[in-house]
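Next, two complexes with chain A in common: one pairs it with chain B, the other with chain C.
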Partner chain A sequence: MMNGSSIAIRLDGDRRTYEPGETLSGEYSLLGVGRNGVKAAEVSVLWYTEGKGDEDLTVHQFWRFDADEGTADPGRDHRFETTLPASPLSYDGMILKIRWCVRVRVFPTNGKQIVEQKDFRLGNVPPAEDAEL
Partner chain B sequence: MSSEPRTIAVENPFCTRRVRPGALPFLLPDDQPLPRLVDRLRRQGWWGQIIGAHGSGKSALLASLVPAIEQAGLSVCRVELHDGQRRLPIDVRKLATRGGLSPFSRRTSFSASTTHPGRENGTVPFGRPADALVLVVDGFEQLGRLRRVRLKRFCRRRRWGLVVTTHVPLGLPELYRTAPDVALAQRLVERLQRGYNPRIDDSDVAEAYAEHREDLRETLFALYDRYEQRRRSTRGEE
Partner chain C sequence: MARTFRYYEKKRGDRRTGSSKLGSVGEAFLFALFLFFGCVVLAVLLLTLAIPEWRANHQFREHVCVVLDKRLAERHGDDGPLYRPEMQIRYTVDGETYVRWAYDIHNTYSSGREAAQQTLNQFHVDKDNTREYPCWYDPDDPGTVVLVRGFSWWFWLVVIVPVSLIAIGGVGLIYSMRHWGQSAERRAAMAQRPLERELFGTSGDTSSEFPYVPDVAQVTDSPGTRLRYRLPILGSPGWALLGLLLACVFWNGIVSVFVGIAVTGHIGGNPDWFLTLFITPFVAIGLGLAFFFVRQLLVTTGIGPTLVEISDHPLRPGAACQVLVMQSGRLTVNAMTISLVCEEEATYRQGTNTRTETRAVYRDELFRREGFEVHRGMPFEAECDIWVPERAMHSFKADHNEIRWKIVVEGDVAGWPDYQRSFALIVQPGNPGDG
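So, the complex of A and B:
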């Protein structure tokens, strides 16, 4: 088990907002994980919708790090970098929201997966007015 | 299983992802925990109907029940029927012969099934083998009467289990009747708002529940809007 283990995700410059076409970069690290405690880790830059209706999710970029290939070493930071697309822009609507995030999923040698995500905004679309309802 | 990503402060706890069947555990009464329900289903030869009104939690109960059936060693094929869908979206005859979906590699024992306690209803297959599939049909009443009869006969001949949800009794042994009340709705809302800024109180729940004629699904749907309105009205205070 990975009791007390966690994932820390950092975006370079501690940025929370990006413009379409900009580069998002950062790193993740595993805390409280032993040297052989990880089978694999996956990093996704993705957007998803949230709200009252059917929800959607699309992965913009995906990386997998495997212990077998020596790329999932929990003792070091793992970098990621991607160019963000033109759309969809982040949106905070009344019945629909579009959210972007970096999501890291770690598959420990024993025990349950752990997942952490870091949210960011793509673009600067203002929140919807209440009239949307 | 996995941990859920950390919630974000602006998320609405009533969004679809959190209220869809399976996202919330079905809250069974204390005297009828899930293992007891599974045991009852086993004693009924893995045949049973879950009866309840629209939005009363039938699909949520199924979402809890299916993993428990699988844990008992059976394979499950789940079919969801929506309004006006008069036939199954799969060919169960092909299901019976396709290796990939066939459950027959899974071994389990059905000691209780040899007693056939539900056979007086004429619904429990005789001599169920130790390896079997349970067909789960959510919205069984959508099928026409003839199709229902044929499907039951097919399952009986194949010695498959059959678990359905329905608004009215349809001739299978009863497994559970969903009967929500306002107290249950309030418990669900309390759970949903854990870790969130609670913007919905018991009186809001009671009002929405009454307004939506005791339909839990619609009640939670309505509370999404109410939560969102209050979240926006306090924007900047957080």
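So, the complex of A and C:
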């Protein structure tokens, strides 16, 4: 049963801000999931847009772990690591926001997908201000 | 209690995104519908047109008959009467005599009365002096007979419709099935680098040093005469003018037909006041389009070209460089400003429309001058320094969202409409740790 199950994502050093070219690393674990309760798990380091426009989404790094291959063992912590790109930087604009995150998606043997994401900032661009006022 | 099937998922920005599951089901259903209708229509076309025609041409046996009577068959279609030539013929197969009304295999009617009549005239009915004509009968059913054979060229035009439906539906259904149940991240990863990502989970680095920052070459491919690069103008005025002209001609062309009808009624003493009132707002829009077109034409042709050159490119946050603006023409300028602007642009679909919204998030007036003359052959020149703020956001371009830096030249010219011309700049991310 997947009731009460969840995903915990931890970034090493509990960091929330990274510079381009830095290494982002961390681990995720599945809580409340039985040994055979997971069909597959996906880990993505990605950016997406929010705001007025339709969503743009690009995956910087993607891993998929399948139970068939024995790589989606819910009983242990799974580490991930990637070198972050030079762009796009995180951005808080007026009608456009660019968000970076680590997203973990688990496909249980029974029941609905579980998705959890940990947001982080790439770069240090301050929030934009309306120049039309 | 959580619903097992949600119509809407979480709110993104200013709008809700639809359920991805519902979207996938709808997409697959639509493609399946296309495929189904394509197959049904193609089957009907093959069974009623292609196969009977092919059999008449290849399997029917040649024979002879006599024409006993003829008639112009008529029936009412949606657009008026339809006609078909028919001959009553007599022929004998294996000792059995058949009398049938016949012509072609399709029994189709057409609107051409004269053509049908001409066909009838080719056959002579004379009971005292009977003449034999060739005919072809179906060996499996000798009662089925035709007087003409051949292939219908229009069948191949008609068949394009179901074949297109099958192609769109089939390819779409395969696509939907392949991506069924896949996460948005997996689809995005597969789209970016299909094999490597699937098999090895390799990095998403693109070949570009700065992913999703526009290519610098689009700005640096034109050298300047005084400074290093000449910046390209954003939005070619020629194409914008052409588009405006086409819209103006199209709109006013349609409206003029109704204006003509209304004016004729008024001149003839039989005014149609409902039509007159109804078309008034459409005439007003048409006049507005014409006015806007003329205004843009004047701005484009009357005010000479604006050239902008820059000493360095691409720019980085915290970096400064020189800009030279040259304005040609013969103008009395009330005011001219040169600004460095950063704006966000968001494109989104609303129903069947695609809309674009822009918002300026940085504006720095670099130069302003009031009350001066520009003489023909002596362009006005203004030099200024530009500086991109520390920790400023870099240029960014994705499918639906963009952050654009530009130099904007705005002019208030005596006797001419105000004008604004923009020139593209690329700002790349700064070095890590700079900010």
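Here are some notes:
One rule holds for everything that comes next: the second predicted complex is superposed on the first by the 128 of 133 C-alpha atoms of A that agree within 3 Å, B and C clash if a C-alpha of one lies under 4 Å from a C-alpha of the other, contacts with A are read in each partner's own complex, and residues count from 1 in each chain.
In the analysis below, contacts are C-beta pairs under 8 Å (C-beta built on N, C-alpha and C of every residue); 3 or more make two chains touch, one makes a residue touch a chain.
Predicted model only: the values in this text are computed from it and were never measured.
By the document's definition of touching, of the two partners only chain C reaches A:125; chain B does not. Once the two complexes are overlaid on the shared chain, A:81 sits clear of chain B and of chain C alike. Contacts of A:44 after superposition: chain C is touched, whereas chain B is not reached.
Of the two partner chains placed by superposition, only chain B is touched by A:117; chain C is not. Look at A:12: by the touch rule set out above, it reaches neither chain B nor chain C. In the overlay built on the shared chain, the residue A:103 is in contact with chain B and with chain C.
Touched residues of chain A were counted for both chain B and chain C, and C has more of them. In the superposition on chain A, A:60 makes contact with chain C only, not with chain B. Counting contacts by the rule stated earlier, residues 50-55, 94-95, 97, 103, 105, 112-113, 130 of chain A appear in both its interface with chain B and its interface with chain C.
Interface residues of chain C, counted against chain A in their complex, comprise 2, 4, 12-14, 17, 183-186, 188-189, 192, 197-198, 201-206, 209-213, 341-342, 344-349, 357, 359-363, 391-394, 396, 398-401, 403, 428-429, 432-433, 435. The touching residues of chain B, counted against chain A in their complex, run 1-6, 8, 10-12, 15-17, 221, 224-225, 228-229, 232, 235. Against chain B, the residues of chain A that register as touching in their complex are 50-55, 92, 94-95, 97, 99, 101, 103, 105, 112-117, 119, 127, 130, 133. Residues 19-22, 42, 44-46, 49-64, 82-83, 85-89, 91, 93-98, 103, 105, 112-113, 123-126, 128-132 of chain A are the ones that touch chain C when the two sit in their complex.
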